[in-house]
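Each of the next two complexes has chain A plus one other chain: chain B in the first, chain C in the second.
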Partner chain A sequence: MKINLSTDSVRLLIPALSLIVLLCAVFYLQPRAMSYTGLNLLFNLAVPITLATIAQMLIMTVNDLDLSMGAFVSFVACVAATFLPTAPLIGTIILLAAIAAYAVLGVVIHVRQLPSIVVTLGMSFVWGGLAVLILPSPGGQAPVWARWIMTSKPPLMPMAIVASIIIAVITHFIVMRSSFGVLIRGVGGNTRSVERAGWSIISARAGAYALAASFAVLAGIALVGLTTSADANIALRYTLLSIAGVILGGGEFVGGRVSPIGAVIGALTLTLAGSFLSFLRISPDWQIGAQGAILIVVLALRLFLNRLEKREKGR
Partner chain B sequence: MSLRPAPVRRWPSFQPGEAVKQIMTGSSHLVPVVEAQGVKVSFGAVRALAGVDLVIRPGECVGLVGHNGAGKSTIVNVINGGLSPHEGTIAYEGEAPGRHGIASARNHGVRCVFQELSLCPNLTVIENMRVMHRALNGWNWRSKAVAAITGKLGEIFPGHRIDCSRAVGDLSIAERQMVEIATAFADVGQKPKLVILDEPTSSLDASLAEQLLAHVRTYVVGGGSIIFISHILGEVLSTATRIVVMKDGRVVADRAAGEFTQAKLVQAMGSVVAEKKDARAARVLKSTAPILSLPPRGGRGMPFEAFSGEIVGLAGLSGHGQTDTLVDLFHSHSGNWLQRSNPAVAFVAGDRGYNGTFPLWSILKNMSIASLGDVSRATFVDSGHEAELGEQWKRKIEIRTQDMDNGILSLSGGNQQKVLFARALAVRAPVVLMDDPMRGVDIGTKQEVYGILRSEAEKGRTFIWYSTEMEEVCICDRVYVFNAGAIVAELTGSDISEDNILAASFTEAVASKAVIGGSIA
Partner chain C sequence: MNIRKMLLASVAIACAAVPASALADTSGKKIALSNNYAGNSWRQAMLTSWEKITGEAVKTGVVAAADAFTTAENQATEQAAQIQNMILQGYDAIVINAASPTALNGAVKEACDAGITVVSFDGIVTEPCAWRIAVDFKEMGRSEVEYLAKRLPQGGNVLEIRGLAGVFVDDAISGGIHEGVAKYPQFKIAGSVHGDWAQDVAQRAVAGILPSLPEIAAVVTQGGDGYGAAQAFAAAKRPTPIIIMGNRQDELAWWKEQKDANGYETMSVSIAPGVSTLAFWVAQQILDGKEVKKDLVVPFLRIDQDNLEANLEKTPKGGVANVEYTLEDAQAVINSAK
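And now, the complex of A and B:
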């Protein structure tokens, strides 16, 4: 038998398979989930996680890691729950400034040769502090349009699925097909050669960071649209969830090897894993451990396939 | 381009005197592609270039030779805009020296193929075209890139089998080099006028290298310019129209290629003439049991055996199973889980950046890593002992550094390679495996290393040496020739010659292809 798959399709195979297996398991445990409402409930919370995962993926494309993702999404959620409904102009300006701040971060990290982990870890306290200043206690209200989008009921497929597909298609186009995407993946793969070809690494990295921040902003707004109110700590776990989602979806920490479709599937898988464990009636005390076990199984499968592929190539 | 001021001329390489006259008289009205004047560059206290004048005119292939550290790479980096000279000027196409930089150099058609891989391994060949050629834009850049790169690959390397939709990281090292060369020559809206080739043949086997050199000759005849850097002097002599010799950051000779011979070139570079194969007494070793052996790979060809005190060469076209054999030998004789107290084999990597050096570590740490067990006392590294080991090897193989605590990257490529040799030789292992370690190392260093190898072999060490350079293979006591992953011939003593090795690697290729051919066709 001759396996003739490109590395990229192998990368996608595992996350897709694990999502399908998990979905089948959920349907087996709870057949009522196999409906429009059921699917919507299962995947509702996946939309902001997916967006945050895409944001993290863009940062990882240029060989960095964003440890402030959760704090930043929380900050955006607080802005979206306070300024956006009452003073849309100020709210928009704040969010645009936040995106610009991300671009500046990308430049500073490159120019000063700082480790992104340290810089973003520091920034996570800045975003967290700003979020508490804006919204000292849980509350606020979602902008009407965000609420409308997140609760809309498109025909055929629930909103969460439609949104995931749209996100996957758009980011695939940006990252895998467009010139900009090629450029930032090139920066991740071999910065020096991109520089030698006459490109500005600074603007490429600033662009990648700004784009990531834009997706994180969308994640915050989507989150508020779902929950109708915000809190300064609402999305703290997104930092690790987004990293896990990227890795689960076939991305790698360094080398500019990422897959937007894989990242979306990874985020969906992570969301579903939580529901799956609840359906299994595993006590919440054990759920995080069990979620970790699922991650390990999927990643082990991927390593196994990589090895198989290498052996095929060696022939 | 209708603006070219003069008709294209051919250099009659067999009439050197004529060629010189043409350079002197005929090209005065040709606008030079690049004109460097009095370029000085220094890195800290080290003077890399001490006032270099270099003029490249259209329609000439300039061979640039010199030892590692002579300043070849530095002048190349100045010409391609990556480095700004601290003194002196660079003028492209006769324009007044203006803003210097990578972008302006590229706008004047300067392209560069670097010695180390300078493509993005995670991108496909097509996407790399997009990164390398900024002019390649618009909605259909992908189809434009496909047309340009497949056309160029087919033109330079007819019969290549590279799938342009594959990621560069999935290609073999020779294929990557081919892609990089084709990318540099590709014409997408911006014609390449000067292509700088830095050791372009180091990863290519003889037939691919010949295809490249043939393309370089036709390109030059067509009016393009080339700067050709190679340590293989035969290539430079046969390809270049003019040869520039550099030494210690200066140009020491600049004459038509026909005026040079191999010996004159080496002399100009300032090193001893490469000595011919030394007459190591053909020793009878086969009476003892082999120290290493492998069954025939994949059930085909001959088994592999190596005896104590031997230098065994692995030859054949590149990528035909030599490296795999070395890796197999290494894995079958090194501990998998536990560190062996007495290692059986040591490995000298060929791809320094990939599996050789620890770029952030000092020279000493890079050297002592393999023998930490020997320099430790009660599992703690004895730094005095370690430094002593470092000094000993620094003296023995002349690593050119003031301080072994300097970073490994402060050394030139050849000296880094020496450190890797020292790492392997400092281990007590009786067998040393070498994976084409002399790639891009200058002749002087090579001679020194050959000497070390011989003296170590006299002491009973065994060397298994894969090399892409014929001259090195001919130093070996015994040579296995590889083809399609199997050993197809064994040559010993006086049978080891370039002709025999080439004959073995090609005649068998036909025979074995006939077998495989059925499944391909």
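And now, the complex of A and C:
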């Protein structure tokens, strides 16, 4: 008997399995992690990473890549730690303007046919500069409500898990079920045919960028809610982490092939890999290499599955 | 009756005195070092000192464990995750050299709430529940100008080599230097370049600015840049000014060479990487139940003309002059803060 799995489920299988394997390994190494507080400590810093990964995934859906993700999340964190608590109105206006700026970026990239990598790399310096202007030295204060949400203790499951599930469900709905989601995935898959079908590619791109920026804004606020204050360089790591999260979760650089649930799982796996290595007490000199090795193993597994998939189709 | 009373009293006193005098109170405690960066000689020396002193302490049963962890990338978010992992691992105290003074506060608060003692040093954290062993970088900058004022009472032009732009240490040292110059107005800062605490960068930066400068009487530095500055002056065939050094081995070796050749005089000041061991002992003392002020100050390690040879000999090639602190040093620092 042959179990019929859709391509999408196969894509989700590897990230989900690697997360479960890592989780079991962590529980084995550190039984203390197998509790409400333990899980929260393991995963609460994954919440902003997850949101940033979703943002990156939306950009990758339209075949672009955002190299300014880390700088943008840092910028949002600085705004959230300075303006949002003292002058909520101005803070909100700044964040809305930043989202609008992202939409404009999407339009510019499309109209001028610029490579998104170059444009976003350039923008990363703009965001970084703005962050330093807003918060020249580390500090600031997280908005009370952000702190409250990030330290809340919902019944049954820790906040980090609840948040991850909510993020996964909402983005799955937006990207896989809504007509907007179909449109932007179509733009990534075959721009010309979507255009011929009478859709406006410009507005689709602008929409994807604006939605990505909204998730990045949430990531910045969530991060500040966890750290209590900000730093202009606080999230620089998120650029690469978010890309790795999307790829680890079964997404691809081109073709509009993405998976929101996979991206959330990818982000969680990346976070867990760090904890796993530190529980293993691997010497710091080897840790970067070991982290890379985990990534390579997971990606190799996926490549292997992709091959199988192709062979099946070829038959 | 009387004797019995006295006996009872002495037993009571003995009982009361035992816990206070017990030294090995921390023998079951585990201490972790959370370090954000290991990519330069200073940090390498810091980790080596930690290993050496804590290894000894674990062997003699002062503490149960003292593990060092370094994050792969110098990023606050990664270090916050590392600290949360340490909470899960059940450490009793966490010693931190932080990537950011504020971005770790959430994780530090989690640790404090879990009943863990948090001691930060060098890169300190602002969370009030943690202890801070701070370096008075401003004072370090001021002391350089004070030394120059003694050497050159008539003053002169000074070239300032700064560190990595945007890092608070750079701002603090530079601020101290400028305060010193304001106090001794016979000095004038003729130029200022960023040497990024690296000899090659400093050499390039100084070589670039030298042609536009008048005669320079002295160079104030932040450490890791003195040798590069000396090379730049030599390459431009200009007289060597008084260059303040920063305890790096190449700087001390060059100074020694000049001292032997033409009696060159200067001084060298920086923070000993062994400050990690001071933080270790402070954490141990807090676990031991000692009352310790939240803010402590680290002494600098200053090298002068007369103790140059002794320090150079002890410094490994490519390393930094170092001193490892003992329990007594830590107690002295704790007591001086009261």
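We take it that the second predicted complex is superposed on the first by the 313 of 315 C-alpha atoms of A that agree within 3 Å, B and C clash if a C-alpha of one lies under 4 Å from a C-alpha of the other, contacts with A are read in each partner's own complex, and residues count from 1 in each chain.
One rule holds in what follows: contacts are C-beta pairs under 8 Å (C-beta built on N, C-alpha and C of every residue); 3 or more make two chains touch, one makes a residue touch a chain.
Note that this is a predicted model, so its numbers are computed, not measured.
Q: Taking chain A as the common reference for superposition, should the pair chain B and chain C be classed as clashing or as fitting?
A: Fit - chain B and chain C, as placed by superposing on chain A, sit side by side.
Q: From the overlay on chain A, compute the angle at chain A's CA centre subtended by chain B and chain C, rounding to the nearest 10 degrees.
A: 140
Q: Just chain B (first), just chain C (second), both, or neither: which does A:Ser179 touch?
A: first
Q: Mind working out whether A:His110 is in touch with chain B, chain C, both or neither, as first, second, both or neither?
A: After superposition on chain A, A:His110 lies in contact with neither partner.
Q: Going by the contact rule set out at the top, does A:Arg257 touch chain B (first), chain C (second), both, or neither?
A: A:Arg257 sits against chain B, while chain C stays out of touch.
Q: May I ask you to decide whether A:Arg205 touches chain B, chain C, both, or neither, giving the answer as first, second, both or neither?
A: Neither chain B nor chain C is touched by A:Arg205.
Q: Going by the contact rule stated at the top, is it chain B or chain C that touches a larger number of residues on chain A?
A: Partner touching more chain A residues in the overlay: C.
Q: Could you tell me if A:Arg11 is touching chain B, chain C, both of them or neither one (first, second, both, neither)?
A: neither
Q: Under the stated touch criterion, which partner chain does A:Asn190 make contact with: chain B (first), chain C (second), both, or neither?
A: So A:Asn190 only meets chain B here.
Q: Look at the superposition and give the distance in whole angstrom between the closest pair of CA atoms, one from chain B and one from chain C.
A: 35
Q: In the superposed view, which residues of chain A touch chain B and also chain C?
A: Of chain A, no residue contacts chain B in one complex and chain C in the other.
Q: Report the residues of chain C in contact with chain A in the complex, numbered from low to high.
A: Chain C residues touching chain A: 35, 38, 67-73, 75-78, 80-82, 84-85, 87-90, 100-107, 109-110, 126-127, 166, 168, 171.
Q: Touching residues of chain A toward chain B in the complex: what are they?
A: Chain A residues touching chain B: 6-8, 179, 182-183, 185-186, 188-190, 192-199, 255-257, 313-314.
Q: Help me check something: in the complex, which residues belonging to chain B touch chain A?
A: Per the stated touch rule, the residues are 80-82, 102-103, 106, 112, 114, 117-123, 127-128, 130-134, 137, 141, 165-167, 169-170, 324.
Q: So in the complex, the part of chain A that touches chain C is made up of which residues?
A: 30, 32-33, 38, 41-42, 44-45, 48-49, 132, 137-140, 150, 223, 226-238, 271, 274-275, 278-279, 281, 284-285, 287-288, 291
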